[in-house]
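One chain, chain A, appears in both complexes that follow, with chain B as partner in the first and chain C in the second.
This part shows the complex of A and B:
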């Protein structure tokens, strides 16, 4: 009870500090001393209040204080401590508090770390960031207060949805939010740099660190969500083109494009309009993501029951921010005419620009696929859904030039390049095409587009590998990320082409058999845990080579709330994953069994880690150079 | 005559616009082909022509209607007004049970038989897909 009280009032205090800060910074715009003395300490104070509030919510969860409505709705006394804590941000109210925490944290670090920039710029960035922060404070306090009081105090809570009780999903939201909210700092500082007309090479170097940071977190956050979906949802895939996944992919695409733009800006002082628009887009898409996921508008397999009223607030807030930023862009930004029309057709910046257009195309495909069903529902109340074939068809063909460009682009020089000493490029291309052709032929796959796609991914793969040896440490970060990307595409393609699946219904003691695999349902164990009972089914699986595996998928029946979940049993190796999941159909003695062999699953995860590792190296290098 | 620079710029604008139009057309066409419509059992009864494309059917799993054998699963989806028989061979989500909401994706064989290729999972026992809620609410 006391926690809720303290938590609530420190939120209110945080809001007051926010308003004060807003007023102060406006009034003393040119005063450098005010920044160092008052503003910094006030920013820290605001961060401190939000931390207090967040800790209070965590404590309320830990001690199971059911007088707090959020705790009552999402926790239970028998839940393990780890999930009591992670339950703090596993719900709408708590996750917004986490947003706010990261928002205030980032602006504090920003003011602390930014030393060589003008005071005006820092203060203006703070003003924009405070607009966002104040908006979130009001949203939190008015529509989704995490400290609502319940009376009479319930004896027991409703519990956390069991599929969320999982280590990967416990850390997935904080990591993803660091990426999402990190884009808010980029948004604010880009706006203030535009308004002060100080977009330049040195500014690009400064903001690049922030872009890299949020890009790394966003990449890892998406990865965690994907791993979770793979083993917990039991569909045996890692990406479903589900709206909730799409809304995290869209900011990622925008941020990746932005990252490439800022490198061009840093080197050649061009593409400043791209940078501004993309920064606005990234943050807006992140906000949209929160809005779409939390408002219940999305018709998604991920949807958790939600309150549509909250959506209206975020929507209005979003419109204000977009309007404000576009206003600043059109009124203050004058593109530097001298620099803008100097693109030679064969140069590094042209290749980056081309791939930026491709990424914008991918982004619009995902955007349309995600938003169109909502749009159609509103205007004609027709219910539709857009499936994976839509995305595959529209994205796959364009991946080919995209990959080729990714391979060749870094080989070109800035400003103007030629084809001298580029003979090895053609050799590697021919090798890749032959290799792809022979691999697919030996497995009896004859689809042309796959051959071309695999060739181009292999091409990127070989070129980046060659660079590890030839160039050693030059452009290491970019090379690692591009290498990771080629590995990702290759693993996804081979995974799709060579996965096999058996779905059958089996009774205890029965055997399923086909030409490739023999599945024997050996026995059933049962086990009792603190907050769930489980049925463990033991299978012996023999493949055509005579290899034998014992796999034991589990079926858990949680007691609070009463929900059954399937825990897949996965045998992972570097070559392939064996994945089995069972389900019990009501009142029947048949088990619904799904067995899959998924090649190169491990490499999908490894390649995404490599991609973000490239970003990390670039970030560390930046700090060293200083 | 126009200068070379103006011509080049004109060409550039034309290329940009034609690419944009082409992209939009491509996306829209692909949308049309890959969209899956949602229908309730009542909607299906009222269809003039049998839908050949993939659709989604939603409603409640009728009490005591599930039967299962090694190959397939049979059940009835009802919206309290009309019902439809569903055959399915594939993986079943955790929250699939009699008396609960369900969404099945697949093809219509005729007005009374539906051959499902996928049954969609929900995450929460209290959560009902908005379409199913609406389909049931129309009674």
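This part shows the complex of A and C:
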């Protein structure tokens, strides 16, 4: 109870500090020198209050203080300590508090680290960031207070949804939020730089670190979510084009494009409009994601308890930010047209620009697929649902030129380039085409588009590998990331093409057999754990090569709340994953068994880690240069 | 000038997006079985209750005829209550009453009909409750008024005298 009290009042204090900061920054905007030292301590104070509040919530969860409504709704005394703590952000209120924590943390670090920029710019960035922070404070205190008091105090909590009791998911929200919220700094900074007309090479160098940081976290956050979906949901896939996944993919696409734009801006002082729009887009798309997920306007696995009041608040807040940034963009930004005509058709910047357009295309496909059902529902009350085929059909063909451009682009020089000594480019292309053709032919797959797709991915793969040897450490970060991307596309393609699946109903002791695999249902065990009982089904699987695997999927019945989940058993190797999941058939002795062989699953995770590792290297290098 | 037009249209565009999202919030996104009136009846396969013969939609429902499909079960107490009303309605020759025996035990169901009388022209089985789902039913009892292979009315819960009067009025 004392924790709730302290937590609540430190939130209120944090809001008061925010308002004070906002007011003083405006009042003393031109008298910047006096303010400079005070700003830092005030921002720290605000961060400190949010930390206190967040710690209070964690403590309430740890000691199972059920007088707190959030704890009551999402925790239980029998839950392991790890999940008690991770339960703090596994709900709407707590996760918003985490948002706020990261917001205040980032602005504090930003002010601490930014030394060489003009004070006016710093103050204005702080003002914009405070607009966001104050908005979230009000949202939290008014509509989703994590410290609501319950009386009489319940003896026991309702428990955390078992599908959220997973280690990957425990760290997924904080990492993802670092990415999402990191983009808020980019947003505030770009607005203030635009308003002060200081979008320049030095600004680009300064903001690039922040873009890289949030990009790395966003990439890893999405990866963790995907890993969770694969291991925990047991649907046998890593990406379902669920609205919530899309909502995280959209800022990622915008941020990746921004990352490339900022490099052009840093080198050539062009593409400034692109940079501004993309910075705004990245953050508003993150916010839009919060809106879509939290308002309950979409149906999805991530929807927490719906409350229309919350939806209206985020919506209004989101559009205030959008209109504010649009106003600043149109009012203050004058594109330097002198520079923009200097594009030569064969140069690095042209190739980046072309791929930016492709990225924008992918982004709009995802955006339309996610939002269009809502529009249609409102305009014509028709209900449609958009599924994977839509995305696959619209995205796949355009990946081909995208991949080729990704392979050739980095080979070009800035400003102007030609094709001297580029013989190996054509050689590698031919090799890739042949290889792709033979791979597909040997597996009896004869679809033309697959051949072309695989050859373009292989092309990027070979070119980046060659660069590791030829270029050594020059441009290493870019090379690693592009290599990772080619690996990702290849793994996804092969995974899609060569996955096989068996769905059958088996009784204990029965065997399923086809030309490729023999599944024997050996035995059933049962086990009792602290917060669930489980039935374990043991299978022996023999494939055509005579290899034998023992797989034991589980059915878990969690006690608080009572929910049955099925845990897949997955045997992972570098070449392929064997994935088995069982479900009970109603009122019978039969189990519904789904067995899948998914090649190269591991490589999908590895390649995404490589992609973000490339970003990390670039970030370290940047800090090292200084 | 060009910049002005661009900025105004962008602002307008986002305003429209705002309005649409705002309206979207008001609409529910919880999908319930469609209550659409005058919907075509669904196509299904079932087993005849007495003969065990396989039936499909067209064997039971004919065009230009009025039917009353009643979902019932021997374990369902409200069904017992509405049963006399069905029997009285059966005296009206313009309507054919069809029974859907929902998740029931055959012996109990037969006993139920023997004890209370059989108002149904035909009864078919829905042991697993899947056909009821196809009809968009919530549970037992539930009654559909059908004319020309279209659902005219749907009554959730037990029938009462008012509903019987309404049905009589409708089939005139």
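We adopt the following convention: the second predicted complex is superposed on the first by the 618 of 626 C-alpha atoms of A that agree within 3 Å, B and C clash if a C-alpha of one lies under 4 Å from a C-alpha of the other, contacts with A are read in each partner's own complex, and residues count from 1 in each chain.
Keep this in mind: a residue touches a chain if its C-beta (ideal position, glycine included) is under 8 Å from a C-beta of that chain, and two chains touch if they have at least 3 such contacts.
Being a predicted model, the structure only gives us computed values, none of them experimental.
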item: Touching partner for A:383 - first (chain B), second (chain C), both, neither; value: both
item: Partner contacting more residues of chain A (chain B vs chain C); value: B
item: First, second, both or neither for A:315, with chain B first and chain C second; value: second
item: Which superposed partner A:368 touches (first chain B, second chain C, both, neither); value: first
item: Partner chain in contact with A:504 - chain B first, chain C second, else both or neither; value: first
item: Chain B versus chain C as contact partner of A:152, first or second or both or neither; value: neither
item: Which of chain B and chain C A:326 touches, first, second, both or neither; value: second
item: Residues of chain A contacting chain B in one complex and chain C in the other; value: 299, 383
item: Chain B residues touching chain A - in the complex, by the definition given at the top; value: 23, 26-27, 30-31, 33-38, 56, 66-73, 89-98, 120-127, 129-131
item: Interface residues, chain A side, partner chain B - complex; value: 161, 163, 233-235, 299, 301-305, 361, 364-365, 368-369, 372, 382-387, 389-390, 393-394, 503-506, 510, 512, 561-566, 581, 583, 585-588, 590, 592, 594
item: In the complex with chain C, residue positions of chain A that touch it; value: 291, 295-299, 308, 311-312, 315, 319, 322-323, 326, 330, 374-375, 377-379, 383
item: Residue ranges of chain C in contact with chain A within the complex; value: 3, 6-7, 10-11, 14, 18, 20-27, 29-31
